[in-house]
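Okay, so here's the structure we're looking at.
Read from first to last, the chains carry the letters A, B, C and D; within each, the first residue is number 1.
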Amino acid sequence: MIARRDLAVRVAVRTDLSPTCFRIVVATPEPFAAVPGQFAMVACGEGLDPLLRRAYSIAGVARDGERTLVELMVKEVGRGSSRLRRLAPGAELKLLAPLGNGFTLTAAGGARLALVAGGIGLPPVLFAAERLAAAGAPFDLFLGAATAAELLDVERAAAAAAACGGELVLATDDGSRGEAGFVTAALARRLDEGRRYERALACGPNPMLRALARLARERSLAAELSLEEPMGCGVGVCLGCVVELADGRLVPSCKEGPVFEASRLAARWSA
Amino acid sequence: MIARRDLAVRVAVRTDLSPTCFRIVVATPEPFAAVPGQFAMVACGEGLDPLLRRAYSIAGVARDGERTLVELMVKEVGRGSSRLRRLAPGAELKLLAPLGNGFTLTAAGGARLALVAGGIGLPPVLFAAERLAAAGAPFDLFLGAATAAELLDVERAAAAAAACGGELVLATDDGSRGEAGFVTAALARRLDEGRRYERALACGPNPMLRALARLARERSLAAELSLEEPMGCGVGVCLGCVVELADGRLVPSCKEGPVFEASRLAARWSA
Amino acid sequence: MSVRLETAVGALRLANPVMAASGTFGYGLDLADLCPPERLGAVVSKGLSPRPRPGNPMPRIVETAAGMINAIGLQNIGVEAFCREALPELRSRAAVVAVNVFGAALEEYLEVIARCEREDGIAAYELNVSCPNVSAGGIEFGHDPALLEALTARCRAATRRPLWVKLSPNAPDLVATARAAVAGGADALTLVNTVRALAIDAAARRPVLANGIGGLSGPAIKPIALRMVWEVHRALPEVPLVGIGGVETGRDAAEFLLAGASAVQVGTAIFREPAAPLRIIAELECFCAAHGVADVRELIGGLQWR
Amino acid sequence: MSVRLETAVGALRLANPVMAASGTFGYGLDLADLCPPERLGAVVSKGLSPRPRPGNPMPRIVETAAGMINAIGLQNIGVEAFCREALPELRSRAAVVAVNVFGAALEEYLEVIARCEREDGIAAYELNVSCPNVSAGGIEFGHDPALLEALTARCRAATRRPLWVKLSPNAPDLVATARAAVAGGADALTLVNTVRALAIDAAARRPVLANGIGGLSGPAIKPIALRMVWEVHRALPEVPLVGIGGVETGRDAAEFLLAGASAVQVGTAIFREPAAPLRIIAELECFCAAHGVADVRELIGGLQWR
């Protein structure tokens, strides 16, 4: 594993993925590697506004000649993300990464993984899918969003799933594309049909993660959830991001997470 | 005179003038006009950093088809100016203008004006020169700077001066270009040689303005000085920019100025 | 959805809850082209003293992180000039005007009020007992509950118009100060004034401001001001409050209302954007519409403590 | 020009005047890869209580304009775990360690100190008497001079190590509080802790933080902190001070030194940039070199009042 560093990077590409979401690829001459599920703390804009960095999951890492490209996918929501959106290629950025623990990508020989993403929860899940595809490990990929326009990067997701014969399941709350309803319901239907998974790996909004944790408990499915608590530092020193575990401990999700085994979390996560 | 407005403009051009100074030309579809010596309050960057707008003298106004171009010249010094420097064409900017009173450009028939600029005091003086040149009014143009590299836009200044047979006098503190020493000394030499001016119009650092005010008092030369007090609002309501007049009153320089008749200012300006 | 923006500070009805703060909007007309005073809930005049005051030497303002420090020293044209030069046009525009009153001694407050009592078109008095800039000035009144009660009572006796007392965030005991003002007869409390602060020019080894200490305002102090409004509202739920400190957006205004303010004032934001109060009114209306608030008064004190 | 960066807080000598603040640098080792503790003037531990504390419910932090509000609730691993898990490596790195001590009652402060007295490698104690987060907690000590003097005196009697008292900016009378701590035997005063503040989620009509009120830190409070350091320095010029509040740059550090601090602490800036203290040391050195300051101690209290 590569040590975390505070990298000064430059924007290589900034493209829109949807009316509200966009991709930022930054380039660094430094060696860099990350595990899907790890994240970066990004200084969004010069000066003091916003004051704190924002956490973004790493969506991919690629070598490009002398430099390493690191990909992020961001939804424009507030101060930080709107600053990022306005960056042009060449703009400088500080990025502390890789942080956190990441998903468990190994599976017992031949066993299948279920990768589940909701909305802007896609980046770590897509990163995991592409890593698994490259390794020839089987998985199904479940992508959910409120509406068709918010299903991001579907072609890349399809290619990753296809690489090892996995299914790409799309679901939208409004039924405008793929199956209608929540993506966790789509997963439940597969389980009902008898499909078996070694483990589910998921990232998305809290209600989705809760639904998945419930499903996992009911069906005795192992599940790893990537949580997004508000973060102050991303490195375990502010204690602003703690998550309650089943044993009552409050642990910093930036350090012990952001990925947690669903069964380790306090009961309210699967209540 | 056109009413002040809070204009949302876009950067049309951003070019370097020297290692530290640059030109920004912004475009607005609104009608706009200004008198040399007037200024704009510019919101330098989104968000709260920096909090207050910065005052910049208007360096020129030109019509370009459907839009009006407004020119500023800025020296990179701190938070605000460095944000401006990093703007790319197309970037949005808010600009409250025109503000303040401006220079008196009319002269009694045929009488000559002395236009004096020090360093980044050039913009309002160059604007005045170009207006006078267009009107066929005679003037000499004195440009001073610490060193040759900080003499800005000399060709444009030369063209303006040449247009009505005026002299362009360059002076640098280190003698690297033009006459060696302060620009006010260059003016004093012309006065010594018997050249007569109806009035001097000046903008530059305070020590230069003080030297000019002294010279004006000693030689009974009328002089208008464009002052640069730190400004909070630019529109007369914060009282952060007051200037002491000879009669003891403290008046907001953004409203009653920024251009003041040297003889109206408190004695310390010409002491 | 149509939103009712009318509110009231005690008996004084306002068309909307957004006022321009004292010292940041001149005498009400300086920015009339960009922000017509009659469109605001009210305008509060620059602090007026019986006679003109020159104020402090320069520099008087300095920017800080998301804030600014000022030590203007209460420069003003005096109550007489205000009544003659500004008030007539404010009246003819039907602007709601609150006069911010400042005095170096109790008698001076009374002098200002007495002069104003001769005029129509003044909706309220706001006593500035909290300006941290003039050492011989208002600061003692605002920091000593007994003194403040006496001052308020004397001013109360001098007018039947609404009387607001503007509290200092630097008072040793904010709630005690608030109680004292109410005991003296204040109809409403404005909070907060600026926070005592210092900026240093490290290269020169001097304070940046000629006065040394000044008052911090702007977004930096908003979380402090909100806390204080809430504390006073909780202690004195019946007392109308006017919230102020770093209001920049309609959402900020809504936050102050929720914390217990009946209206807000906008100060430093006007320096950044002269029409800020108009934008804030529009944003507040949008906020209400988006959150099913038909009457802005539903927000007042509506904070649900956890 | 070579610059001497050594300073001293009372009898405690430090290689440079920049420390990591309590609660923002973990137990001294969490960021050792990015900011080695031994390169700092000192590191101050997260506030330690006799036993581990779980802290407050979430959310615990919220960003504000140039600041943040926290209500962590003094979550910590307890003094025992600190002594066993962190202290040995801090010792072997030769880091200068100050232990930030917190107790819900006087006896708890003494318990923490007693446990630490059994360990080598602790350079000083810093009493947190000012945390505004735990209602049953330290806040009373810091707001009541008599109580604070008694607490300090009891802690003083329990150790011969340097004893610092960290003051609250929310105390009704800062200078009285400072005097009380000194009267109780404090060797130095750290100021300031966070400023009581409130953030409101207007849409939810609730405080953003689960605890409601929290403590404001970051650049927003720097001008307030600087003013307080200067006020205490002016009142008690002989007392060593440690300045804290919004230090982001070497220039900020120089400003605190000029205002009377012998050293500074860096808090929130570490969240923005884990290596901020190292950058600040370098910038302070540059500042000194550029301004002809051969020894950083020349700056201490060097502010020339106008």
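Simple rule for what comes next: a residue touches a chain if its C-beta (ideal position, glycine included) is under 8 Å from a C-beta of that chain, and two chains touch if they have at least 3 such contacts.
On a predicted model such as this, the values are computed, not experimentally measured, just so you know.
Which neighbours does chain A have in common with chain D?
Neighbours common to chain A and chain D are B, C.
What is the chain whose Cα centroid lies farthest from the Cα centroid of chain C?
A
Match interface B-C to one of A-C, B-D or A-D, accepting only the pair for which over half of the contact pairs are the same residue numbers.
A-D
Return the distance between the CA-based centres of chain C and chain D, expressed in whole Å.
Here chain C and chain D have centroids separated by 34 Å.
How many Å are there between the centre of chain B and the centre of chain D, using C-alpha atoms for each centre?
Spacing between the chain centres: roughly 47 Å.
Just give me the whole-number Å value for how far the CA centre of chain A lies from that of chain B.
Between these chains, centre-to-centre, one finds 53 Å.
Please list all residues of chain D that touch 2 or more other chains.
In chain D, residues 64-67, 218-219 touch at least two other chains, as defined above.
At least two other chains touched by the same residue of chain A: list those residues.
Touching at least two other chains: 48-50.
Line, ring, star, complete or other: which describes how these chains touch one another?
It is complete, because no pair of chains fails to touch.
Which of the residues in chain A come into contact with chain C in the complex?
Within the complex, chain A contacts chain C at residues 48-49.
Which residues, counting only chain B, touch chain C once they are in their complex?
3-6, 43, 48-53, 94, 96, 229-230, 232-233, 235-240, 242, 248-250
Write out the stretch or stretches of chain D touching chain B in their complex.
Residues 65-66.
What residues on chain C touch chain D, complex-wise?
Touch residues, chain C against chain D: 64-67, 69, 172-173, 195-200, 202-203, 205-207, 210-213, 216, 218-224, 226-227, 230, 246, 251, 254-255, 258-259, 287, 291, 302-306.
What does chain D use to touch chain A in their complex?
These residues of chain D touch chain A: 23-26, 30-31, 33-34, 54-55, 58-68, 70, 72, 75, 218-219, 248, 268, 270-275.
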